[in-house]
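I have placed the structure first, in the form of structure tokens, so that the comments after it can refer back to it.
For reference, chains read A, B, C and D in written order, and residue numbers begin at 1 within each chain.
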Amino acid sequence: MVPLSYYLVLSGILFACGVTGFLIKRNIITIFMSIELMLNGVNLSFVAFAAQWHALSGQVFVFFVMVVAAAESAVGLAIIIAVYRTRETLNVDRVNLLKL
Amino acid sequence: MLHLLVFSVFGLVCVAGAVNLLVQRHPINSALSLVVVMGSLAVEYLLLGAEFVAAVQVIVYAGAIMVLFVFVIMLLNAGEEERTKGSRVAMLFGIPGMLIGSVLVAWVLLEHSGTGNVATGALPGPPKVIGWLLFHDFLLPFEVTSVLVLIAIMGAVVLASHPGSVEQRSTQQDKREG
Amino acid sequence: MTPNLHLWLIPVLPLVGAALNGLFGKRFSRQTISAIALGFSGAALVMALWIAAQFSSLTLPCIETLATWIRAGDFQVDFAFYLDQLSLVMLLVVTGVGFLIHIYSVGYMWEEGGFYRFFSYLNLFMFFMLTLVLASNYLLMFIGWEGVGLASYLLIGFWFTKDSAASAGKKAFIVNRIGDFGFLIALFLMIKHFGSLNFEQVFRIVSGLPAEATGAGLLTAIGLLLMVGAAGKSAQLPLYVWLPDAMEGPTPVSALIHAATMVTAGVYMVARSHVVFDRAPQALMVVAIVGTLTALFAATIGVCQTDIKKVLAYSTISQLGYMFIGCGVAAYSAGIFHLMTHAFFKGLLFLAAGSVIHAVGGEQDMRRMGGLRHHIPWTFWTMTAATFAIAGFPPFAGFFSKDAILWQAYSSPYGSWVYWAIGVFTAFLTSFYMFRLWFLTFFGEYRGEAAASEHVHLAGGSRAGAPAPHEHGHGGIHESPTVMLIPLVILAVLSICGGWVGSERFDKFLAPALHSGVTAYSPEQAAVATPAPEPREHGASEGLLTSISILAAVSGLFLAWLLYQRRPQLPQEIAHALGSFYDAVVHKYYVDEIYAAVFVKPLIDGSTRILWHGIDRDVIDATLDNSAEGAREVSDAMRHMQSGNLRSYAGWIAAGAAVVIAYMIWMGTR
Amino acid sequence: MGIGTFILVSIIKIVVAIGVLLTAVAYTVWLERKVVGHIQNRWGPTRVGPFGLLQPLADGVKFIFKEDLIPPHAYKPLFIAAPMIALIFALTSISVIPIGNWITVFGIHTPLEITDVNIGLLVVLGITSLGVYGVALAGWSSNSKYSLLGGLRASAQMVSYEISLGLSLVGVLILAGSFSLRDIVDAQAGTYWGFIPRWNIFQWPPQIIAFFIYLMAAYAETNRIPFDLPEAETELVAGYHTEYSAMKFAMFFMAEYANMITVASLATLLFLGGWHGPHRFGPPLLQAILPVFWFAAKIFAFLFLYIWVRGTLPRFRYDQLMAFGWKFLLPLAIANLVITALIVALRA
């Protein structure tokens, strides 16, 4: 028997790692992965709650999250490719044309 | 007991993968560690009785999305992450802030969330029921997401295709039509 | 039961003419324009005459209400017209003289550009003047009051391309503003205390009030304020300064507006509100003093003027002073009487002067004239009549009115021998400078550059750079066309016979309108009235006084003859003898300069320094500029958040999210 | 059954399964060489043992003793990990594939598979979808343009065809109404009119189209001719495993053939009625063994088809491959799915 809070803490840790990665990583692809990581953490909490409250809608929600993540990653990676074509770099610190 | 064991083992694997994602300097390693995270998450889902979710997690996330990531990494031949000096502000506030925040959240969760145990396989998610939910209760969101996916596909194609090539294709089509 | 007179038609007719000429005049031929102008003003005259014809059968005052204008609570102002003896007299004077001057203008302005403009303005003036005269309440009167100001502004600045003309127009307008300010305040006081502006109601209420013999009260205040307005409009001290400059306008305008009609509006107004003045002796005294001083002051200036129109202008001012003396001693009928006669002979004088200027080709300086009586006999004779009239020679019109005024000034309970003395001296001066003008203009031999070189003179003349009143350059000194002479003749006849009515009959005629006799000797008035200087010797002293004033006139004539006919070099010597005083008089006592120094300059400096630099630039503009500058600086500081660095954005987002989460935790765990 | 016996039985099953599978792999290789040889009018391996039956053994020995080269600029950890990943996933996927009914040996009642999960199909799909990592990482880590191209092609191709493959299976799932492979097989038991088996390809609505879609998608998934672009010898030397030698190469080799067997068995289970064969006959023991035999036979037939196609068809061009996958197979699979769903819905 595992307390719900354990799952929640785990998902929280994953989410925090995702946020941290988003903040500290410089490679735009890795940043994307961090986003995926956050989503996964959220998914875990969804499933855990679904199990806790015996509501399958939690799992259904996970599917939606996955679909959105898939679409987002597809577009995002396309954007990354476009950026790489024009800027010849994947370092977000160098992709700063919007500065000042 | 066994469940707690399994949970903690794969939870640790999970966290390790996540941390590794941060530590690794090469995107491909980060990607693989993320795959590890997803796999262990799938196991957690199984533990929670969400078999279908687990399977889909593996197939879609690990099998498709992450493959896409790896593919892009290979395509762009992304190398080691170059070192640029991080801002001192982030060093000063970010790390302690993150620590404090995570500790706080963990404490709150442990203290204030329902401490009722989650029976393993408590909620067997038979695909039939999930399908029922998807196509009845969540029909509208389902359709909306389908539209979203369509748009995403088109957007991805347009973005990733060479502008020049798009030009060529359109001109060729004009020739064909004209 | 009085038949409906359709009084409203009288003002409206000229308005129609003005509208027609003003809107479509550009396309009309000069004949059409003059036809329209004369037609409508003539129609007004005809109506006035028709009303006068059946006047005896009317029950006066008859009031015709056209429509309700303002209704606020129990305060109501109507478009209503008020006809009584007083307004009838004014009506006849305005329409009559106005019509004659219209005729004259057709000839005078024929060659001018903006012909239609001129006549539409002229008709507009008629409309406003008639509104003023016929108004049945102070507000409508004020509309006419302002309207004639506007018309005079437009007409003074008729040659608006000429700087002096434009500024003269502005000067007239602004100076009038000051007077109108007083007038307005008077109206407000009436509204506050009487709750109405209709003549009847106001007068009824006022009649109930006791006279303010001792100490100034409400009525005195109203009276004084009205007097301020009158002083502005009728060019009395200290607001007379605009009138001489107004001579920049075409001569017919000077005749109509600045001699015959408009400038007398003040007199009319004072007479109209005599009820107030009767109960405010202080105000009356002020009126009288102002009138006296103005008369003397303007007369002295007039003595030294060399511009023929300026001389007439100052004489106008001084004659207006006479009228105010009349009103100031509660002898309103005398004032109005003089107003009428003055309208005749002063109009005639101006028209004749215009004819003279016309004859010598734009020359206005009398020193360049002379010996014209052979060249322009008609003008000469008519002007002679007018001169004798204004000089107060019996049996010309001016004699009767001026004599009535002087007599009243001496004998009326409000009068005193000081007024009389100054009046007589002024009469002497008047006749002196008028005959000076007469001699200089018509006698001796022509002193202007040879008539042959008239064009050269014109080119270098005083009207350089502006459309001269007549570019028709057929050389030589020539008599004016008939259309200009007809009015001269008519007015000459009037200024000879106009006074034969006699002041007593005139007084009786006007008595119902302004019960001067009644108010003057009503018991309560008698109680408060300053005791008349031994009224017993009226009979004796009247003849005496009359003879004295005649003597003054004659001596004026003699002196003028002596100086300008017999010993032409004498004036210079006198001038040298007088020295600085003479200069002061020549420069009109430097009044304009004083005003410029005392009022205008501080005003300009104040508005420049305080209003423009101080408030507009340093406060208003500065507020805007500084706020914009501040916004720019703030955003300049803020934009460093927009580092373009994705991760810094992410940091901001994370920080915000952290705050929100902390808040939620706090709320949840509380 | 106690936990101890459970673990014991599981271990036994795993060992047996791995052994059988590896043997099968080895002899699939031998079979291919033989068949292709005959197709090309030559003998194929003949020297080692009768009919060269020991050839796989010799190959194994050779691979083991070969020198193991690692290119200097390769990314070492992944270079080493890649083949293992490939082989592991390839072998793991077999664990949920049933090869027969439940049997009782020594009083222990157990299914003829390593573990019986009720989402077996999904597990198989998931594991096979993970198999791509081996190829992709191998191609990338060996830091050679041929390998990289091969890896790119492999990953792109596998991800693309996975969709068609999955969709082609949904029809079967609709018919069976379950993810459990055992249920799916049981749903195909029996015959029409005594002689037509109730295989899914013969069922109503027939999944024959789905079967062929699956066939082609499976070829692409396993990088077999005509879709062996990732290792196209004529253009990419050897594709993603150009730089590999010795045991690592052998792992890729085994992984490929193990995948072949996996998809073959999957096809057998889903479309060809699994272990159900003609009517039962013979003694009980034989009856107990027969299903396994039928199953093996079907797999053999499927593998033979594989080899036959390889010996027959030329290779696609890459754009043709992608166009075929996205513009032909995918719409076809969707159409098949829709039609099947419609018919089932109307029949219900």
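By definition in this document, a residue touches a chain if its C-beta (ideal position, glycine included) is under 8 Å from a C-beta of that chain, and two chains touch if they have at least 3 such contacts.
These numbers were taken from a predicted model, which means no experiment stands behind them.
**Student:** Compare the CA centroid of subunit C with every other chain's and tell me the farthest one.
**Tutor:** D
**Student:** Measuring from the mean of all protein Cα atoms shown, which chain centre lies nearest?
**Tutor:** Per-chain C-alpha centroids ranked by distance to the global centroid put A first.
**Student:** Which integer distance in Å separates the CA centroid of subunit A from that of subunit C?
**Tutor:** 90
**Student:** Any idea how many Å lie between the Cα centroids of subunit A and subunit B?
**Tutor:** Roughly 5 Å separates the two chain centres.
**Student:** So how far apart, in whole Å, are subunit A and subunit D when each is placed at the average of its C-alpha atoms?
**Tutor:** So the centre of subunit A lies 33 Å away from the centre of subunit D.
**Student:** So what's the Cα centroid distance for subunit C and subunit D, whole Å?
**Tutor:** 119
**Student:** Note the residues in subunit A that touch 2 or more other chains, in rising order.
**Tutor:** Answer for subunit A, listing residues that touch two or more other chains: 19, 23-24, 26, 93.
**Student:** Using the touch rule from the top of the page, what residues of subunit C touch 2 or more other chains?
**Tutor:** In subunit C, 647, 651 touch at least two other chains.
**Student:** Where does subunit D touch two or more other chains at once, residue-wise?
**Tutor:** Not one residue in subunit D touches at least two other chains.
**Student:** All pairs of touching chains, please: list them by chain label.
**Tutor:** Here the touching pairs of chains are A-B, A-C, B-C, B-D.
**Student:** Report the residues of subunit B in contact with subunit D in the complex, numbered from low to high.
**Tutor:** It comes out as residues 28, 32, 35, 51-52, 55-56, 58-59, 62-64, 67-68, 70-71, 73-75, 77, 127-128.
**Student:** Which residues of subunit A touch subunit C in their complex?
**Tutor:** Interface residues on subunit A, with respect to subunit C: 19, 22-24, 26, 28, 31, 92-93, 95-100.
**Student:** Spell out the residues on subunit C that touch subunit A in their complex, using ranges where they run on.
**Tutor:** Touch list, subunit C to subunit A: 639-640, 642-647, 650-651, 654.
**Student:** Write out the stretch or stretches of subunit D touching subunit B in their complex.
**Tutor:** 75, 78, 117-119, 122-123, 125-127, 129-130, 132-133, 136-137, 139-140, 148, 151-152, 155-156, 158-159, 162, 166, 177, 179
**Student:** Which of the residues in subunit C end up touching subunit B in this complex?
**Tutor:** Those in contact with subunit B are residues 647-648, 651, 655, 658, 661-662, 665, 668-669.
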